[in-house]
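In the two complexes below, chain A is the common chain; its partner is chain B in one and chain C in the other.
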Partner chain A sequence: MNSIAIFGEIVRVTLRQLLGRRRTLLLVLLSALPVLLAVAFRMGGETDIERFTRRIFDTVTLTILLPLVAILFGAGAFGAEIDDGTVVYLLAKPIPRWLVVAAKAFAAVAMSIALTGTSTLVAGLVDLAPAGQDGISAVLAQVVAVVVGSVCYAVLFLTLSLFTRRALVIGIGYMLVWEGALSSILPGIANLSIRQYSIGAASAIYNLSVNRTVLVPADTAFLLSGVLIVAALIIATWKLMRFELPGGSD
Partner chain B sequence: MTTLPTPTPTPTPTPAASLGATASVTPTAPIAPTAPAIELRRVARWYGNVVAVNDVSFALGVGVTGLLGPNGAGKTTLLHMLAGFLAPSAGEVLVLGRRPHRDPSVYRQIGLVPEREAVYPFLTGLDYVKFNARLQGLRDPEGAARAAVARVGLVDAMDRAIGTYSKGMRQRVKVAGALVHDPQVLLLDEPFNGMDPRQRIGMMELLAELATSGRTILFSSHILEEVEQVGTEILVLVAGRLAASGDFRAIRALMTDRPHNVTIRSSDDRRLAVALMADPAIFAVELTESGLAIQTSQLTAFRRLIAGVSRTAGVRLLEVVPADESLESVFEYLVRR
Partner chain C sequence: MTAPRGDSTGTRTGSIYDLGYRHYEGKRNGRLYAMWSLFVESLRGVWGFGRPMSAKAVPLILAGLYALPAVVQLAFSSVITQQAAKSGKAPELLNYQSYFADFSFLVFFFCVAQAPELVCRDQRYSVLPLYFTRAMGRIEYALSRLAALVLTLFVVLLIPALALFVGDVLMKPDAFKAIGDELPLALPSIPAGALAALVLGSLSLAISSFSPRRAYSAIGMVAYILLMEAIPAAIYSIGSSSGPNATDKLFLLSPLTSLMGATNWFFGVPLSPNDFAGTLTSAGYLGGAFVTFAVATLVLMYRYRRLPA
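Moving on, here comes the complex of A and B:
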């Protein structure tokens, strides 16, 4: 069996694992929120792209939904298996560790994009598409933002979950404190903010920034995102090669 | 309180087995004449200041070997080192001549059944074994998985989700997943946990059959009787040290040479103590508040003796209870040696 088939098998089992959790149902419900708000805006006759972008995409999708979903799936791709010990069934196999990491990351990113991307696309089409070309551009920019954000958050916190069982807590702390508070107060740390990478990457199509100031230009955002993703995957592979099981009580 | 000590006999090791903490200094001879499939050379593993495995050496060839030890003896740590999931802090671990740590390719020849019960609950038994077969890169994962499931007797339940399995069934599906690629070395951590007697017998027969077909099998257990029925060879770990190794029957014989502790309650403990001390099989008699504490070298002979002695002394026996029949007490004895 070749590497692609093994990759597919790990992705398949990881997706079933992630989909089987109760928290996934909650995330699906949370992902429906932007769509419901968009419908409410639309029914209320609201067609102002700026207002929609600012009020729903920025405050709900980019600030809460995207990081929460991607961090949960990223940290959960390995975390749950490490916690319950089933990771041993995966690692006691003659397969290269980079392949395991790549498959796990792919599954986590796919889940995150499926939820946040679909939510963003549908909400955007409901409210922004009627606004013409600018509206379509804004929708595409939003989708680019959630794709870039999904990959960065998921891969970063997947890697972190190999080092600590508190990856989820750290992720939520990062989301609320670093990105929610500090990055807007201290522009200097924008280069270390996945949220700013998402806005920066999207700005190649449309400026999604609330105050119209893009702290990280598009090319820099793509570059930093790429560096983050590659570095995280390399570190995760390195860590998985050194993965140790506890001795147990016996 | 009266204590009447007598000399304690010292067991003499036989060539087929060795007893005591010095077993690692004089490594156990390979069980089979072939090159050892598993070899540990003065291996130690510690976590900070805690020593989990200490200076352990042995070599195993084809066959079934039981890894015995009380809870906390270091059995799981030892198995995890053999499975490549822990690096030894000192010494060398070799499986089929290779160091398993950080070498995933070794898993083509190793099957591991971990102690932890969790198995992907959302997969059916057959799907789980197929998952293992596919990750092993087998050409016919479906066929290999069905054969492995049949081998552990789970055909009837193979299409059910593992989440609905009993503990014993989960153990069996773990074993099926571990042997689907027909490994040369099979490592099992407490494989009989949760199995009912019928399932245990089935699993014991399977392990014996695998050993007969040329596999090296090492399984851990803290229940002496389980090992007795499966393994011809055993390793006994106590507090991280190899306390005994070799042929089970020989070690068992050595263990019976240790003094047995028996507690007796009678109508007149003092008179019975005096009568018992006349017999050379009795090493020590202690009068305690709960009765007489006896040390004897031969438990079977003592059982015959006590009835006659008590009758002659005119003492009525109320209770005769062996006080140290647990495996752990045997191990404690081994460690103290």
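Moving on, here comes the complex of A and C:
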């Protein structure tokens, strides 16, 4: 078996693990929500870019949908196998560990982008198509933001799930406390906030920030998120090389 | 029903675990006592008493953070009085009626962290049948857990009001007159706190009872509450552009917003149009909050009736 076939197989198995659950249905419903709201906006004759960004993209997609989906899939990619104990079978195979990490990360990222990216694209096109060229570039910027955010969240929490079984809880805490409460009080942590990376990266195309100020400029945002992704993947590979199976006590 | 019966032939309470080798002839404390025991046990569980430090850290830190602004004001009350005397202006203080609105997100975090503690583990490790075979029934189980969470939230909500009260009294030169002045302002905090505790407690317990995993329960609560704050605001923003209509009634579905409005009713202050869009009055929000409490409690009881034990 060459490494591409192995990669494909791990991705396939991971997708099945992530999708075959009731919560995936809930996530699909959740990602349909921005589209429904966009339809309501369009029918109400509300096609203003700024209002759409503030009311739907910022409060629903960027604050709730994107982090929830990406953290669930990221932490679940290894987390489900560690909880079930099936990770033994994966690690017992003579597969390079970086390949395992890459395949798992790819599956998690692909799932997150498939859900939130599609939702963002459709919702944006439904509501902002009449807004002309500006509307199209705003939608593109939103998709870029969602893609950057999905990759960062998913990879970060995939790595974290190798260190602790409470990655999901930490993810919820991060999302609420760090991104939600603290980043509005302390502007200094913008450089350490995935949400701000997303908005910053999107500002290369269109300024999506609700109060018009982009805290992290586009090039810095791409650089920092790139560093985050590479570092997380390297640490995950390193951790998987010396991975100890959790004891049976819990 | 709960009295001990001497004969060993007929149906006896506790016959499931009485295998017939050795009978229990002592006093049976009955259903209410079982509920009381679970209530006490739940209270200890929420605060992490009798558990390792790591279980105490989260509830105590979150409750402490919620009380922190009021306690800081209490600690600096002498400085504030001197500053006020120097500048001749009345100092800008935290007040009882807007404290919940300003810091309610911390109470929400408390619910997200601690409500799953109460209901998830029993489902995860399939120990519910052990409760239900005893005097405890399903509804009693749910209500005991709910009562413990509500009482906990009530305490969390009242600590800052108490700190504000003590601080405001000590800042005045004549303590007895100050108590007389402050008490009418402070007392509405008690029913307001009780209402917020009932609504937040029932809502968060109802949501978290739907998953045996604590993390997923927490995610469910976060998603529900944040979405219910965002969706009505979005729909209202379309509705309001085409003149006044009924879309502002949707704010009754937002748990935190409607509680902020409802608690204002006890203080008798009108809602400021900056914080509350639409035409709903605080009495309207109060009604909405009671409906939310009733629905959430019914959902919780429905869930426990349906749970496979």
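In this text, the second predicted complex is superposed on the first by the 245 of 250 C-alpha atoms of A that agree within 3 Å, B and C clash if a C-alpha of one lies under 4 Å from a C-alpha of the other, contacts with A are read in each partner's own complex, and residues count from 1 in each chain.
Here is the rule we use: a contact is a pair of C-beta atoms (placed from the backbone, for glycine too) under 8 Å apart; a residue touches a chain by one contact, two chains touch by 3 or more.
Treat the numbers as computed from the prediction; the structure is a model and nothing was measured.
**Student:** Considering only the touch criterion stated at the top, classify A:Thr213 as touching first (chain B), second (chain C), both, or neither.
**Tutor:** In the superposition, A:Thr213 contacts neither chain B nor chain C.
**Student:** Is A:Glu244 touching anything from chain B or chain C once the two structures are fitted on A? First, second, both or neither.
**Tutor:** A:Glu244 contacts chain B only, not chain C.
**Student:** By the touch definition at the top of the document, which applies to A:Thr164: first (chain B), second (chain C), both, or neither?
**Tutor:** After superposition on chain A, A:Thr164 lies in contact with neither partner.
**Student:** Looking at the overlay, does A:Arg23 come into contact with chain B only (first), chain C only (second), both, or neither?
**Tutor:** Touch partner of A:Arg23: chain C, not chain B.
**Student:** Going by the contact rule set out at the top, does A:Val60 touch chain B (first), chain C (second), both, or neither?
**Tutor:** A:Val60 contacts chain C only, not chain B.
**Student:** Of the partners chain B and chain C, which touch A:Leu68 in the superposed model: first, second, both, neither?
**Tutor:** So A:Leu68 only meets chain C here.
**Student:** Give every residue of chain A touching chain B within the complex, in rising order.
**Tutor:** 1, 5-6, 9-10, 13, 16-17, 20, 84-86, 88-97, 241-250
**Student:** Give the list of chain A residues in touch with chain C in this complex.
**Tutor:** So the residues of chain A in touch with chain C come to 23, 30, 33, 37, 40-41, 44-46, 51, 55-56, 59-60, 63-64, 68, 72, 166, 168-169, 172, 175-177, 180-181.
**Student:** Which residues of chain B touch chain A once you look at their complex with the stated criterion?
**Tutor:** Spelled out, the residues of chain B in touch with chain A are 45, 47, 52, 69, 71-77, 80, 83-87, 102, 104-108, 110, 112, 114-116, 118-123, 131-132, 134-139, 141, 177, 189-190, 220, 222.
**Student:** Along chain C, where are the residues that touch chain A in the complex?
**Tutor:** That would be residues 105, 109, 112, 214-216, 218-219, 222-223, 226-227, 230-231, 233-235, 237-239, 241-242 of chain C.
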